[in-house]
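Here's the structure we're looking at; comments come further down.
Letters A, B, C, D, E and F mark the chains in the order given here, with residues in each chain numbered from 1 onward.
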Amino acid sequence: MAQIEIGNNGSAKHDDSVRLDSYISGFELDELIRRALKEDMPFGDVTTESLISSAAVSRAYFEVRTDGVIAGLDIAARVFRLLDEKIAFRKLADDGAHVAAGFIAAEAEGPTRALLKGERTALNYLQRLSGIATAVDDYCREVAGLPVKVTDTRKTTPGLRALEKYAVRAGGGHNHRFSLSDGVLIKDNHIKAVGSINKAIAIAKEKIPHTLKIEVETETLDQVLEALDCGADIIMLDNMDVATMKKAVVLINGRALVEASGSIKPEEIKEIALTGVDIISVGRITHSAPALDISMEII
Amino acid sequence: MAQIEIGNNGSAKHDDSVRLDSYISGFELDELIRRALKEDMPFGDVTTESLISSAAVSRAYFEVRTDGVIAGLDIAARVFRLLDEKIAFRKLADDGAHVAAGFIAAEAEGPTRALLKGERTALNYLQRLSGIATAVDDYCREVAGLPVKVTDTRKTTPGLRALEKYAVRAGGGHNHRFSLSDGVLIKDNHIKAVGSINKAIAIAKEKIPHTLKIEVETETLDQVLEALDCGADIIMLDNMDVATMKKAVVLINGRALVEASGSIKPEEIKEIALTGVDIISVGRITHSAPALDISMEII
Amino acid sequence: MAQIEIGNNGSAKHDDSVRLDSYISGFELDELIRRALKEDMPFGDVTTESLISSAAVSRAYFEVRTDGVIAGLDIAARVFRLLDEKIAFRKLADDGAHVAAGFIAAEAEGPTRALLKGERTALNYLQRLSGIATAVDDYCREVAGLPVKVTDTRKTTPGLRALEKYAVRAGGGHNHRFSLSDGVLIKDNHIKAVGSINKAIAIAKEKIPHTLKIEVETETLDQVLEALDCGADIIMLDNMDVATMKKAVVLINGRALVEASGSIKPEEIKEIALTGVDIISVGRITHSAPALDISMEII
Amino acid sequence: MAQIEIGNNGSAKHDDSVRLDSYISGFELDELIRRALKEDMPFGDVTTESLISSAAVSRAYFEVRTDGVIAGLDIAARVFRLLDEKIAFRKLADDGAHVAAGFIAAEAEGPTRALLKGERTALNYLQRLSGIATAVDDYCREVAGLPVKVTDTRKTTPGLRALEKYAVRAGGGHNHRFSLSDGVLIKDNHIKAVGSINKAIAIAKEKIPHTLKIEVETETLDQVLEALDCGADIIMLDNMDVATMKKAVVLINGRALVEASGSIKPEEIKEIALTGVDIISVGRITHSAPALDISMEII
Amino acid sequence: MAQIEIGNNGSAKHDDSVRLDSYISGFELDELIRRALKEDMPFGDVTTESLISSAAVSRAYFEVRTDGVIAGLDIAARVFRLLDEKIAFRKLADDGAHVAAGFIAAEAEGPTRALLKGERTALNYLQRLSGIATAVDDYCREVAGLPVKVTDTRKTTPGLRALEKYAVRAGGGHNHRFSLSDGVLIKDNHIKAVGSINKAIAIAKEKIPHTLKIEVETETLDQVLEALDCGADIIMLDNMDVATMKKAVVLINGRALVEASGSIKPEEIKEIALTGVDIISVGRITHSAPALDISMEII
Amino acid sequence: MAQIEIGNNGSAKHDDSVRLDSYISGFELDELIRRALKEDMPFGDVTTESLISSAAVSRAYFEVRTDGVIAGLDIAARVFRLLDEKIAFRKLADDGAHVAAGFIAAEAEGPTRALLKGERTALNYLQRLSGIATAVDDYCREVAGLPVKVTDTRKTTPGLRALEKYAVRAGGGHNHRFSLSDGVLIKDNHIKAVGSINKAIAIAKEKIPHTLKIEVETETLDQVLEALDCGADIIMLDNMDVATMKKAVVLINGRALVEASGSIKPEEIKEIALTGVDIISVGRITHSAPALDISMEII
């Protein structure tokens, strides 16, 4: 959880790089939201347009129904602004805030039509991202104080990666590579194709931009050693048992970053962290996080 | 689960309206996938392009790791075809098939580079949609044989609604309205704005296209009666307890469709179905379904 | 004609659901207009940019040249605003207003360049939509006071459906389904494919979202009876003569909505309305309405 | 009408520049059509998908119901191909062909679902463009044999200009400038802004690309003379009576092209042509042409 | 160079048609820039977002490092505004201004993050367009005072034609046709296909919009004569030597515009201009102009 | 130059990662090309469509007019294929081949219309990319045999970065980071904002994905030392003189990669390379490379 004290944005403790606009430009976000609104209203909202006067104005509250970590409030705000510039949206917490059931995370005021038309789209974003932030937080709390980073993977919803990577940071996690273009991860298949870890690393060093590190996926201690000898920058321990991981960390001894990977549950993470790995990457925080229950109430 | 017998596509039992292209045109699907691929490769796959020869060819298997219902195989196929037309993708089950851990759902053969570049995007779609189909199936099995439909809601991932509504059908569920444009649902706020259920229904009947039914959300039996008297086509029982639902069903007595709604868990659905409601809508099947564990292995 | 009293927008008589933004979001409208402007100026307006100073400012009037019903003023306004935010556009009537030849429907003031560059695009929208509203009004006046709705069809200009459906409402008509996704219309070919009206309705009820009504196209009284027995919600009388229509209405006797369809001229509509049908759908109001003559004059 | 003999495409009489792909690239046309299909099916065709088997195959005929000139058959073909590549579409006439009521202009064969899903969109294009071609033909026949060209204007449907300009050619007309970027037309407002026709022409000659001609709009013989003296390439006679036009033609005496413009009806065009003008531009052929009645029948 | 006196925008000497928005609408420019920003930041600026506080504010200067002509300042301004509306950008010269090394062409003030994120994209536009304007100026100065126009060609960067044609004007040049749609240029291959210059011109006159001039490419004096006799509006002398050009000009004797074309260097242009041709078109000013060296410095 | 022997694609010497589709997916390339074609033909090619029969077929040659390195042939091929699938395009060299004036790099055969319509767009891509590859080659030859890589920068044409980075590789160079998202480069301004190199590196290490290296821009040997002490992965020597660079290389002594940067000319690069730096980045190869002269001739 990147932000503890609500309303204390300017404080030294706040991690200023965990902002939505550090992940996606405003105009790209707008494009995403417009597609979502168009999807939900190919020809308008027949109920609301028939029944609600265009002059009607309301106030709405966004209430969290379960304990969790909030993320995506700026997106919700933007949904409403794109529908009607007269809507005022006020956050009552920052993304990354721990909130308890019953907490009012935001309020909005303006034309009732736009509030009702944007409600579901805003909540669909907000619930998913808060769900991710909450799932991340579940892992991070287990390893609080330990020198390890919990990171995401590329197992994100197609089209929403920037938003979901942002939610991971809001929940207190860190990011792994964003895409296949900005990180080198030499896997089993790559190694087989080239012949050996040695050769794979040599070719990669020759060809890839010199600004990228080289990570190698290993499954045995022999592979760990080979990767280390060839100058891998990061060594991924893939689905190793804890005992083997411990040995790997000892072998590596700080000469490369060590990343543990596999299908890890919150209750298992601490034991893994105690092996001394630097990074633990978890797919589950993005691909299987249940939505956080949040609702919009109009007064 | 809409399809039981694997490989029996032409049989009378197969529901032919549960096809991906009934929900989204091929060119729209391509557009979605292209955005996802671009997101994962703004400048190519630096690892694969460096290490794998453009002439290399491989075979890959898609293995399901947990019991569930598969959905999205045609999307996976399309991901690879958009990357390289030389890839042959063969489904070994139809969407909607019940599969057990270890089942090989599909195989692909062709240029290794394209297989590796498309792997994650294909799996991200496949795992999410199969997760949804599996969650739907969990509910449907509880009410098997009962005269009730389990339906989705509009609580879908922004931008992926057509795909997720398709997965719901593949899992054996039914669809609620697609968007705010194709269904009238008069909620509390609409009623308050107009003054009464009576007035709201009258206005809606006058203004909306005559091809749409009118659904009214109710929280009390009085509201149920009022909606019924005014000619509501569908009456939603929102967050009512089971006893009240039973009374509502008796009151309505077939004069309107009855929909139960609320945050319903699989273990609760049978009791609700036994009240005699016609439809049970469940948000959880789309917003909180964990991904089904599926992996791609290259031989 | 949905709006009689000019300048009396807030009055109870005004139908507040007949607003452009009930049919299309502002950002979608902008997208449409931008494409139109780009089409008319792939590389700017060579005449105007050469001859008119960027500092020049003018006033322009939009004069209606023939009696009719105006529609599309907000689109015209938006055309100019997208070209130059300094343009002030003032409507002198609301969409839906009956106007006589010589009426000034709007005035605009601002940079001359933008006025000249936007003139044709603004008028192209305005003339077409006003032409549609006027054509609708021609039909509606014939059946004034009768309990029947004149509706549009899907015979609209590709890409402009939302705008044209809006113009139909502005002219006093009602909307039929917006698209193939939001209305079920079982036609001859569907019936033949399935085997019988009976079977077609049964399948449709099972598969389509429960929020949609089922309409059946009939050509004989036998078909009308069959559709009625199977619980069709709407029965379309397709190209029937007036005498048969009368019989159909008597047979149906309020148990389903009745829609008359076919190539109907204004002078024929009253006789059809008097048969007691609920809805008369007319393709001609969108596909063959001549443009209303409107010009822009710069002072 | 650019093409008389049906099935005689290769003949010397056929104007080979009147082809759809001379006006719009295939990929742009596809983009237009996709937007139209998406508009008509945001979430599929609920009726057809429910009732028609995906394996069903049919034949469909496109029958013209009124005498006219056909245009747009290649667009109709493309609509179906974009929906399903298995559809075979066969033209039985070329665009530009004169056809009588009852004529079968094309047939299509393939998956029934795609035929039904594309029917309306294909017809919406076909009817509009054929309506335009027919309207143009009405004018052209009046001046057959006279040395005059009937041209369109920029009064086209926003977003469909290329298609409509093509239909004008198919109907036997010629094109005026395509957009504000490719033709200089100095109007009243431009002249007033600069001070005189003289000055306006001089500035335009200095600034515009030397590949463009300069056309000046005139309302009096004095203006005609001034434009002529300054070297205008084309002189438009705007809303002049026939007697004045005659005098203008004599004055100009071949030193510039002469264009008659104004709201001209078919029955008035011959008299205008006989004044000796070179070009007669008619807005009505695009903005007010009624659709040609064409239907699709499935056997 | 279209603008000599810096800060003297309103003066009579300034050519008011040389404005960016005469070439491209604001919304199109924004689209271009957004694509460029997205290209440079698929997932944000990892360095800046990590290190610079979102509250930090800075001032930046745009310094020209080599003598040249500036062009593109409004684009640079727009880059920053699209990133953050709080950025104030102030031009210290107009496009078209001659500037010397060390000149500060603009300054910007606002959030440091946005300044750093937009720096490269803004400079990439600015340097390229200024490079073009400078190259144009190199040619124009050689022929200062002579009655000849230096024009561009269609040899521009794909996707940036409007911007580059604008830069040509800013540098003091003129524009040739914008695209294949707005100018007729009959080349060797066209002539061969048709049979003769005579026939080619006749067909073109019949078919093309009457608003376009007809230009013919010639390589010999015989061809010049033939084109002249057939009424070509513009005669291009393609790769002729200076002596032949002189003869051609004499032959043509004002009856058509004469354009010299070929791979011409600045030092050769004066001699060509002295032959009396009206236009000299130069591909090099767009396809091979080196960038002008400009940097952004933050204080 | 990545490819020496023409026609020897399969040879071990060929660098298989230098392929266009390693930089940009086929569908993205098509999108780029379509925008370019639309730019050059908003309404078709008026000359060609008027004069050339749609049945005409021709052969065309692409002749290089100056010595250089070719790049972009697959793009040229794609331009023609998008215009007409019947065009056969045959490369006679691979991208990266050294070619002499007079060399025929490719030939195309098919419909004459499509050849003429695509000519300029194809050449505009081909000439620019070949110009870049040639410029890169000029640098690379100077340092042939030395253990140094010549790399590009982010000073590319907005919208064409992937293509230009590809051309750099084709010319024998290497790539620097692709965008602000995939490389950390701590510049002067970042350091000032944070307070020290030390602090900047510490924060970056904490926040950025662990897959990215950290590069620091230095101007003095003191800064070099500080960056080295803090664990910078790459140290950029910005605009240092050769003597200082030599000292920096000695100081660093292999503990970090060393990159020389600044405005470097081909004749200066060898001296810099001899200082022992690992990488020399050159903006000029993308922002100021003159087009390679290539023409298309139709027989």
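Note that contacts are C-beta pairs under 8 Å (C-beta built on N, C-alpha and C of every residue); 3 or more make two chains touch, one makes a residue touch a chain.
In this text, all values refer to a predicted model and were calculated from it rather than measured experimentally.
Chemist: Compared with chain D, which chain's mean CA position is the farthest off?
Modeler: A
Chemist: How big is the rotation, 0 to 180°, that puts the C-alpha atoms of chain B on those of chain D, in steps of 5?
Modeler: So the angle, rounded to a multiple of 5, is 120 degrees.
Chemist: Starting from the mean Cα coordinates of chain D and chain F, work out the distance between those two points in Å.
Modeler: That pair's centroid distance is 45 Å.
Chemist: Just curious, how far off is chain D from chain C if you go by their C-alpha centres, in Å?
Modeler: 24
Chemist: Between chain A and chain D, what is the separation of their C-alpha centroids in Å?
Modeler: 53
Chemist: Multi-chain contacts only, two chains or more: what residues does chain C have there?
Modeler: 17, 39, 41-45, 50, 53, 161-162, 178-179, 181-185, 207, 209, 212
Chemist: Quick one: in the complex, what on chain D touches chain E?
Modeler: Those in contact with chain E are residues 15, 17, 149, 151, 174-178, 181-185, 207, 209-213, 215, 233-234, 257, 259, 278-279.
Chemist: Which residues, counting only chain E, touch chain F once they are in their complex?
Modeler: Answer in residue numbers: 32-33, 35-36, 39-48, 50-53, 56, 58, 112, 116-117, 120-121, 123-125, 127-128, 131, 154-162, 179-187, 189-190, 193-194, 200, 203-204, 207-209, 212, 263, 284, 287-288, 290-291, 293, 298.
Chemist: Under the touch definition given earlier, write down the residues of chain A that touch chain E in their complex.
Modeler: Answer in residue numbers: 10, 16-17, 19, 21-25, 27-28, 161-162, 165, 178-179, 181-182.
Chemist: Quick one: which bits of chain D touch chain B in the complex? Just the residue numbers, please.
Modeler: Residues in contact with chain B: 30, 34, 37-38, 41-45, 49-50, 53-55, 82-83.
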